[in-house]
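So that you can tell them apart, the chains are marked A, B and C in the order they are listed, and the count of residues begins at 1 in each.
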Amino acid sequence: MHSVPDSGKPTIFGVLRPIDWLLLAVPVAFAIRYVPGWNHQTLLFLISGVGIIPLAGWMGRATEHLGERAGPGIGGLLNATFGNAAELIIGLMALSKGLTGVVKASITGSIIGNILLVVGASLLAGGIRYPRQTFNQTAARISSTSLSLAAIGLTIPTIFHWSAAATPAGWSPDSEQKLSLAIAGLLLVTYLLWLLFSLVTHKGLFNGEDDGDPENDAWSIGRSTLILAGATILVAFMSEFLVGSIEAARHALGLSEVFVGVIVVATVGNAAEHSTAVVVALKNKMDLSLGIATGSSIQIALFVTPVLLFASYFFGQPMNLEFSLPEVVAVGVAVAILVQICGDGECNWLEGAQLLSVYLIIAVLFYFLPESTQEPMPNSAPKVLNEAKP
Amino acid sequence: MHSVPDSGKPTIFGVLRPIDWLLLAVPVAFAIRYVPGWNHQTLLFLISGVGIIPLAGWMGRATEHLGERAGPGIGGLLNATFGNAAELIIGLMALSKGLTGVVKASITGSIIGNILLVVGASLLAGGIRYPRQTFNQTAARISSTSLSLAAIGLTIPTIFHWSAAATPAGWSPDSEQKLSLAIAGLLLVTYLLWLLFSLVTHKGLFNGEDDGDPENDAWSIGRSTLILAGATILVAFMSEFLVGSIEAARHALGLSEVFVGVIVVATVGNAAEHSTAVVVALKNKMDLSLGIATGSSIQIALFVTPVLLFASYFFGQPMNLEFSLPEVVAVGVAVAILVQICGDGECNWLEGAQLLSVYLIIAVLFYFLPESTQEPMPNSAPKVLNEAKP
Amino acid sequence: MHSVPDSGKPTIFGVLRPIDWLLLAVPVAFAIRYVPGWNHQTLLFLISGVGIIPLAGWMGRATEHLGERAGPGIGGLLNATFGNAAELIIGLMALSKGLTGVVKASITGSIIGNILLVVGASLLAGGIRYPRQTFNQTAARISSTSLSLAAIGLTIPTIFHWSAAATPAGWSPDSEQKLSLAIAGLLLVTYLLWLLFSLVTHKGLFNGEDDGDPENDAWSIGRSTLILAGATILVAFMSEFLVGSIEAARHALGLSEVFVGVIVVATVGNAAEHSTAVVVALKNKMDLSLGIATGSSIQIALFVTPVLLFASYFFGQPMNLEFSLPEVVAVGVAVAILVQICGDGECNWLEGAQLLSVYLIIAVLFYFLPESTQEPMPNSAPKVLNEAKP
């Protein structure tokens, strides 16, 4: 079970957490959007982003709660499918508006955010309290190998684009789409195998500690279902507000599309996991903490990404899996440094600080990148490697 | 000793294995080639490819058999030199026809095929039978480090080409050839050091289990010598047929030169190791299984590749070690993921499935790559990173 | 304490080491420079380079000696700050002459030289005497992770340049400088955190063996201070001679700027650490040997590099952190193979030979690279990936 109450009280829905004060942003966002004369796009972008943070947390906890009731098999599947529902909803909203560049950037951002920011903060926070923390090396290695595979899958279409675009005779956008579809299919199959492994054949490896007796009555299940449904609807509204105001807001704030996707949107979707992983690390439960962060990355890369790609065909705006050079490098270095840090089954505060430092280096890169590099046009990627000639 | 009978009988040449039924392809290939009116190129390509598979297996077993007779030192050297004789013969035949693109692609394909396909299938097959398999971590690490070194050596000439070709004033094909020769020499020296390490100074690390009493009579040695000679001659014929029909066959099948080299030719040369490594993994002898696959990769990269490069000068068609971007990336990611999986001395079925998934992702990439990217012309590599400008 | 007397005598300054015979080069260099008619640039380049080697050794030993007197905290800081003072002085001299290309190449060369040449020679020398040597896996991993972070930090500005230069509308040299400054700041903060970790919170991890009773009298401290001051002044002169004669010497010797920086200048600055690390490895003190080499790399990457970047503003020749493709690849593969070799806490002679082989492969690459690729002009990096078009 991933959720951990901030207070000492063991009930999940019994108390408001500090983060839940951010729920106040939800009615404010509605007001900004619908009260005549109040429609300020930048404010709407910021407030709706803040509103998603606690809602994503409630969705996650309700899913887990239902998952526990359903038993480890079905429950695990439920968690695995809806655990990143907030990111999925934001992605679908962005796709419906044709913002494939933002969708791809937020995929990149979710992966590196979970690996560098969430794991980094957890290791730093836990490491300040405990000089040396340990975790199950085998589970961490398998997770990081899954992430390596995801990074390879997300790099290959870009490699194809650079190579194929050099031979105009043989190149066609059609073959690019087919390659992206084939790889999305392979990533999804790998995700199903990963579920089979972690929920069935080797489930012992990934068992976090149990948090005591669950509430087993029908009332509790009904309440969780209601909360899940309500939070999902509200997240959908907030996502619509967020995505609808992105263009205006980022021009007003002077931010590029890729920075907004990689840093802002991705952070909003992951903030709930973030706070949980850090709280758990402070309790020296590093297996659980790492499991939340790497599990979320794996789910984004191997499940949410293929689903969004397939969904893009329904919106009539087929997305592919070509990323820009900075995105490919960011995912690659994030996974590589995670592999190093997870390799020995122990961690300390310096490793956390190093992950955060890499995150900041990458954030600075995306901050300074000029806008037009990231145009989601068919021919944009190789330009990345060229230079205007006089 | 690497060969393992499929049946329970311990003699090496006493029984035909299932794979030996493929020997029927050998006379059929001769018929297609020489019976007037039967000369169908695509069929010849396929049938001669099938014929090489069991012949390569017989060559390997005869070499090992002679190696055992000769004692560990000389025997190890014999295995190390002729263990991939089939790949070497195919490569020489292709060089004699000027198909340096196919030769380079089959080097790439042999390396990634052994790492991803053979190790992947072994881990998957073994892992389905045993939940957790273990192997000697030190030996696996040293092998994967050797492969990292090989990957670096095969990447550097491409890096040189991209950098140097940007400065037409300083660039010359001559310096590219010299660089490739120097690196080939360094790879060969590293191979000799690797032999010194694994056969002399640290031979205990790499000892597979012994398979019982060898047949020690002169008759057995003579028989192995005869089998080795016969299989070598037949492989040479089959290779000549295969290479001679590549151009016609791949046009008929709509396959690019690089796909044929990386996927088809490489698979034909490695099929024998493949089946042995899987059979051994099913017997939970993971050290032996990994040793076969990584040993074969090391031999291709550090021994066969330099020998083919030097040999290309005798054919008047000097080859270099520049590869295309997709080939460099494929070798790099294959080695990187092997390093991760071999790092902890244990494996499971999911890791096997992940290696196979990476193989499929790379195969899909090469399948969709348009033809002309892979032209073995001096100026082709940097084009890879460029895009036609209007 | 890093310095180890070659003889059996434990006093540091009591005996001349064999390397100290090279001090004879110092007066010779002065003579070549100042005696009228003797001014031969190539000879001055070579002789002043030779003179720096023993002086750098004396500076290092005097710093350590003072460090021991000052106690572990301040002493560690002293070592951490002045341990690579020779490299820093050479870099400052080169900056004052506007040779930013040489400065950047010598940074690259110091990092790969320490990782590949120094560690490689230590593992080979130690491994020939002892079949299997062990070291503290945790300390080695943390060091190699710091180097991974450094490699990422030094790669990002180059990635930015390739991406941003493709969009002339958004690109400006100004944003490149800001990015380099921001990353230099982050690297320096990471260095301070590394000091905090290795000198304060986890100092037990990095304790080398002590070499017996230090001489504790005031005379000894005064002598060390005098030696440090004298050697620093002489190094500054030698560096000025070396840097002033680089251009003439490399034209006479037919060497490119990048080869001189990566191979020649870097080797001169590191020769003292080199001999100490090998001597220590021969005594089977692998923790100390690896600590010298990786510690020196970390110091160059995370401390000397940012300091040189900030200093370049005082010389009116602002440097950035963009490197050429071969430099980025060289640092990346060097760190990657170190990570692999340090991952298991044991080493052998083959791993040493493999590191040396990678060093030679990279040296050959830089030797054959044509000159103009390495121009330190704003637009040079992307050219690296382009090809002249007719």
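The definition used in the following text is that contacts are C-beta pairs under 8 Å (C-beta built on N, C-alpha and C of every residue); 3 or more make two chains touch, one makes a residue touch a chain.
Just so it is clear, the model here is predicted, and its values are computed rather than measured.
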Under the over-half criterion for shared residue numbers, do copies chain A and chain B use the same patch or different patches to meet? different
Nearest 5 degrees is plenty: how much rotation brings the CA atoms of chain A onto those of chain C? 120
Rounded to the nearest Å, the gap separating the Cα centres of chain A and chain B is 39
Set of chain A residues in contact with two or more other chains: 343, 383, 385-386
Within the complex, which stretch of chain A touches chain C? 131, 324-326, 329, 333, 336-337, 340-341, 343-344, 346, 348-351, 353-354, 357-358, 360-362, 364-365, 368-373, 383-389
Can you name the residues of chain A that touch chain B in the complex? 137-138, 141-142, 144-146, 148-149, 152-153, 155-156, 159-160, 162-171, 175, 178-179, 182-183, 186, 189-190, 193-194, 197, 201-202, 339, 343, 379, 382-383, 385-386
